[in-house]
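Right, one structure below, let's go through it.
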Amino acid sequence: MIPDSPNKPAGWLLWRTRWRWYELAFWAAAASSFFIFPSKLMLISEIFILGLLAVSIDLTLGFAGLVTLGQGAFFGVGAYAAGLMAKYGAGTAPFSDPLLGLLVAGSVAGALGFVTSFLVLRGSDLTRLMVTLGVALIVEEIVTQAKDITGGSDGLQGVMSSPVLGVWSFDLYGRTAFWYALIVTFVCFWFCRRLVNSSFGLSLLAIKGNPLRARTIGMPVNTRLVAIYTIAATISGISGGLLTQTTQFASPDMVAFHRSADALLILVFGGSGFLYGGLIGAVVFRVMQDFIGNITPQYWLFWVGLVLVLLVLFVRGGIIGMLMALRERFSRKGEGS
Amino acid sequence: SQETVKVGLIATLTGPQAASGRQKVAGARLYMQLNGNMVAGKKIELIIKDDTGVADVTRRHAQELIVNDKVAAIAGFSLTPLALAVAPVITQSKTPAIIMTAGTSVITERSPYFVRVSFTLPQQSVPIAEWVANNGAKTAVSLVSDYGPGIDAQNAFKMRFEEKGGKVLEQLKAPLANPEFSPFLQRAKDLKPDALFLFVPAPTAGTLMKQVIDRGLTEANIRVIGTGDITDDDQLNGIGDSVLGLITSHFYSAAHGSAMNQKFVAEFKKANPGMRPNFIAVGGWDGMHAFYEAVKKTNGDTDGTKLVDAMKGATWESPRGMMTIDPQTRDVIQDVYIRKVEKRDGELYNIEFDVVKQVKDPMHK
Amino acid sequence: MADVLKLESVSAGYGEAVVLNGVSFTLQPGTALALLGRNGVGKTTLINTIIGLTRMRSGAIHFDGCDVTRQRPDERARGGIGWVPQERNIFKSLTVEENLTAIMRPGKWGLEEIYAMFPRLAERKRNMGNQLSGGEQQMLAIARALATNPRLLLLDEPLEGLAPIIVDELLAALRKVVREEKMSAIIVEQSARKILPLTDHAIILERGSVAYEGVSADLAQDAETLARLLGVAEKSAA
Amino acid sequence: MLTILFDGVAYGMLLFVLAVGLCITLGLMNFINLAHGAFAMAGGYLTVVMMNRMGISFYWCLPAAFLFSAVLGVVLERVLYRRLYDKTHLDQVLFSIGLIFMAMAAVDYAMGASPQIVKLPPSLSGRVEILGAQVGIYHLFVIVICGLLTIGLQFVIAKTRFGSRLRASVDDGRVARGLGVNVTGIFALTFAVGSGLAGLGGALGAPILSMDPSFPLKYMIFFLIVISIGGTTTITGPFFASILLGVADVGGKYFVPEIGGFIIYTIMVAVLIFRPQGLFTRSAAR
Amino acid sequence: MSEAPKPVLETCALRKAFGGITATDNVTFSLPPGARHALIGPNGAGKTTFVNLLSGVLPATSGEIYLNGVNVTNWSVRDRARAGLARTFQINQLYADLSPLETILIAINERENAATSWFRPLGSRSDLVDEAAALLAQLNLADAMHARVGSLAYGRQRLLEIAIALASKPQVLLLDEPAAGVPEGERDQVLDVVAALPADVSLILIEHDMDLVFRFAKTISVLVNGALFVEGTRDEIARDPRVRQVYLGEEEIAHG
């Protein structure tokens, strides 16, 4: 299948980035879940949103090698930005438009990402974990303290999202929310996919692999890290905005530690460095949570913990890693016979 | 074929608030166990969901319960933000939401479909402000957890205490997730007030009370008072003898003397070994009662608006005493007791010694 | 005299790949063995198998008359095998001196003797492991193996990165240690020319098996074998 | 004033006592064991059970908590943790979060969700006056234990061969093995001590903090802050960092209650910006 | 005035101290264009440190560095690299999880400012990819173009290490023990690659393999204890008894 790789390396590199049938199948499945699980639309939208957040973490973690435990800060800032837009822009035509809200959510989160990106340029994994966590905690403090703007611990009330593009209003069944979340997630994902498949994306891998070497060939390592961190923050912000718009409120736990931890967990669940890991992880994690949560609401944590432990112990690269290993074994067997 | 009426109970069963969720579910289940599950010819079914204390999960559960399970009402809500999160959903879908725990005043104003059977913080704080002012305190300091209910409690306390001629020297707010109260307590101590008013959510109360005792505030002649949350029945024994004599105001005590309460406590302990019912359990119980009565009144009609109308003005005897749903505000009107921690049969109880009858939430206009 | 080391058709590898295929040889006390072979034939793997760090598939290893096949690496090391890893692997968060004392076992080689042999290390004894030059690290790796006072010394390319004058001194010192202290040594080296004059016997590996075994002095004269098995051009063999 | 300072130190010591075990596993073994709090919880709940259910004296609970958590630690180390030494930090983080989740659910199942409180023995409750400040006896007790622990541990790590063997094993376990270091034994022992100290910390903290199933997550952030500010190469670093944090937090909340919540996080971020390896790290070139 | 060509690289009283250790001691040095220069000296003499100073991996304690007459002492690693200074490392610094093709492409992209294009898929600039492939072919790495770098034999990794430095088309190339770990049979290959570099590229080679040094270098500097000990042509150094005493010992020098 590989088109005469040694002779035409450029063609081979291009071929590697084509859309594959299983990718198309994935998105087709995502869209058709609307018809298959009409009663779970809200859950599915939430999965898209969470998946998008995990994808944004994948940009920094899986591609640039920056561990963060504070993506929740950007998610939360985006959530509040979109919420405030919807609340105060309510009714006034252009300002209340959800898409504009997302734009603002992304920009505000991106701006925060840009400013804080300078904090993660130095130090070890542990320092990065702690600094990003620290930033998230400070943002959480600010959100709870600034009661006049954010509603403090009680959350932001009175968020009324206008219809998308003035046509589709958010309904109780979550139909609009479903399509809205799906399309926004897909567009962001498509963007990320282009990004990681470009020369820029490759240079991120170089930084992840060996920053010293990257510098000595003239790569502006810090600039690249700032860029990707900002982009990831923007996408996190957009996913936060999505959550606010589809649920019509924002609360401090959108900024909280567990949000960041969950997203990171989901990413590793799915497998980081593949982009799809975040999405698949979100599906599996949430479905599992919903399923186990219905059987034994008090103890579902135990099972999540167990799965996590087993995953780390026995599977490299999360669910995607597992699938790839299976495929390899399968194809090897095929060759053998 | 018999028709089922479903009620969705959204409780927090994991995380720091898990204990309260457990109480609530136990209370609601106990009600159904003792009163059967048939009302007006319909079978009542309870669907329990865990929201893990996260607002968007609460909201999603609410939406799914309403849309998929077609519940007639939802109930529960351990914290104010969780209740507020469902306001748009219930308004849009016209589904009653019975608040069994959350205690910020404004909740019921956020949707005409909220009905509260628990309490509000101002409702609890005002009586103790009055009582302590009447009993010789001229100055006071308040220390609360920094979130909606805490601020409510603090403001209500200040309002009534100063109406009575006292002076609140300082209103201290400790972060909600906070293991260490010593700086705040020391500051309170240094201000030398006659009384220190406390409110923190139930799970933190034990920690706070230990530190209060350790710091010797009572020995410094500061009268420590608070709402019943800090001497929660569920945890009182764990906190230990040091809280003996502490005076609080609340709408429920496991030691309430009525026959109904004695039966409630006994049955509760039987059904849930090792647990003692607290005000949250009573909230669960009364939430179910309000719903049962409403279904009876509408004769099995589960239209949301009709159910809410049926609940408005309802009056009944609860293990806590007599209670009414205010027809205007849909908020609870109930007796608030002044209690003192005492030891009975080797266990600590809040013993009621004074009562303010039929208190309305002072914050609603 | 009894063999210090005896390998009986040892096979070993990584994962599914078999790297060593039935390697057998013996080593007498007070002798040095040159282990030669092209890149990637399994020299390092053989050394690591003797110390116990690669998984063995079959065969047996006897050290000083005991079967150590089932022993853990640290047990073998304490039993008297010293090891200089190819990548040096200095403990980076220990000082030079701690690198030595942490693993030192009683015997002839104490700090003083080691510093006398490598004065450079004495000068740098307070440097952390990662604050050494490449050659200093190499010296430390050798010194560290000596500090365990072994009876068998496994040296995996010990001359790499050392200045010519140090190489000369080191080779002389090694020769002395082997002769006088009845220590045995297996030395892996890329350059046959440097190592053959020092050793008694030589083994050339090819694709995981012993392709040549003989007396070093003979091999040094055998230009054809050297060229065939090591690809050494005429001029450097001469 | 002095009381505030003292409270700060006492609070700091409480943080330290919870974090000191982590200094060992994370600082010395370079293993990000977020489940540290779970071991502390084990010690705490053991104390709860021993005191409240069996009526055993608090003083006996301390060594028991140490031993119990240490044994638990060794068992888990042998079965699970050792497989993760050479994995990435991220894997370690996730693995230990998984353990936290399991521990939380398990404790919830066994002990219930409501907070458990232990009472101090009379000899440790009450206050004494020192230099005009009222000082809780129990706080003094904790401070003394912390001081002793710090000195003892620092001595073992910096001055003994065990310390340098441990560091060698962490740097390169494979090579340490090949040079005769019993890496497996050293790691097991160290992990045992680390988790034992966590258990001791939980037992010492129980009378002040009260135990509930969410304990490991609730306090995780605090002891991570201590470690990251104190640096991971010494025990004294986190010791002083704890004091600094305790005093800053308590002082901040006392004097400017409005912004009290920010102080601890702001200090952390500021420290990490200027000294990414922590405030009290052994400097690279001595 | 200037008959001698202007040096591409100069240092002036360059010093680097690690605490009490002076690893580079007052080195004043200049490198003419097209130089084939070797830097030798005992272990710990400061050769690697010197290269680290030149390439900016370590900051100098005092003294100056000029690249093409511009003072670059305070420039970052990256800026120096962009100004035409490339180096290899004594210990490989590679991307273990990428392929050699990607590795080279990264360097070329950086040189051509193509790495900031975030939207066009990798491989859309086929000219750059072809150049990378050609370079790999030149170093006999073409067959392993798509392999994982981490799985390559050590000798081939060393070649890749050099290839990365070449990919940026440097003006000055610093080679720190390029042949270390490369088997004797393959050393010539490394040398051939280096020898085939364009004549206007200035080269500094650090090596302990005297065969290589004396075959390659036209001029040699000897560094001892951080300071320049002697400088001279290949033959002068080979004959110098002091150099024999501190460094060469009994080494026979094969004249190439």
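Observations on the structure shown:
By written order: A, B, C, D and E. Residues from 1 in each chain.
Going forward, a contact is a pair of C-beta atoms (placed from the backbone, for glycine too) under 8 Å apart; a residue touches a chain by one contact, two chains touch by 3 or more.
This one's a predicted model, so the numbers in the text were calculated from it and none came from an experiment.
Chains that touch both chain A and chain B: D. More C-beta pairs in contact connect the chains of A-E than those of the other pair, out of C-E and A-E.
Distance from the chain A centre to the chain E centre is 42 Å, each centre being the mean of its Cα atoms.
Inter-chain spacing, taken between the CA centroids of chain B and chain D, is 36 Å.
Inter-chain spacing, taken between the CA centroids of chain A and chain C, is 51 Å.
Note on chain placement: the centre of chain B and the centre of chain C lie 76 Å apart, centres being C-alpha means. Along chain B, residues 14, 18, 22, 146, 175 each make contact with two or more other chains.
Among all residues of chain E, those that touch two or more other chains are 18.
Residues of chain C in contact with at least two other chains: 127, 131.
By the touch criterion given at the top, residues 3-4, 7, 10-11, 14, 52, 104-105, 108, 112-117, 119, 125, 127, 134, 136, 138, 207-210, 212-214, 218-219, 222, 249-254, 257, 260-261 of chain D touch chain B in their complex.
Those residues of chain D whose C-beta lies close enough to touch chain A in the complex are 26, 32, 80, 83-84, 87, 89-91, 93-95, 97-106, 108-109, 113, 221, 224-225, 227-228, 232, 261-262, 265-266, 268-269, 272-273, 276-277. The residues of chain C lying in touch with chain E in their complex are 38-40, 120, 124, 127, 131-136, 138-139, 157, 160-169, 190-192, 230-233, 235-236. Across the complex, chain E meets chain A through its residues 55, 57, 76-78, 81-82, 86-87, 89, 93-98, 101-103, 105-107, 109-111, 114-126, 129-130, 132-133, 142-143, 145-146, 164-165, 167-168.
In the complex of the two chains, the chain A residues touching chain B come out as 39-40, 42-43, 46, 141, 144, 152-155, 157, 159-160, 172-174, 243, 247-249, 251-254, 258, 293, 297-298, 300-301.
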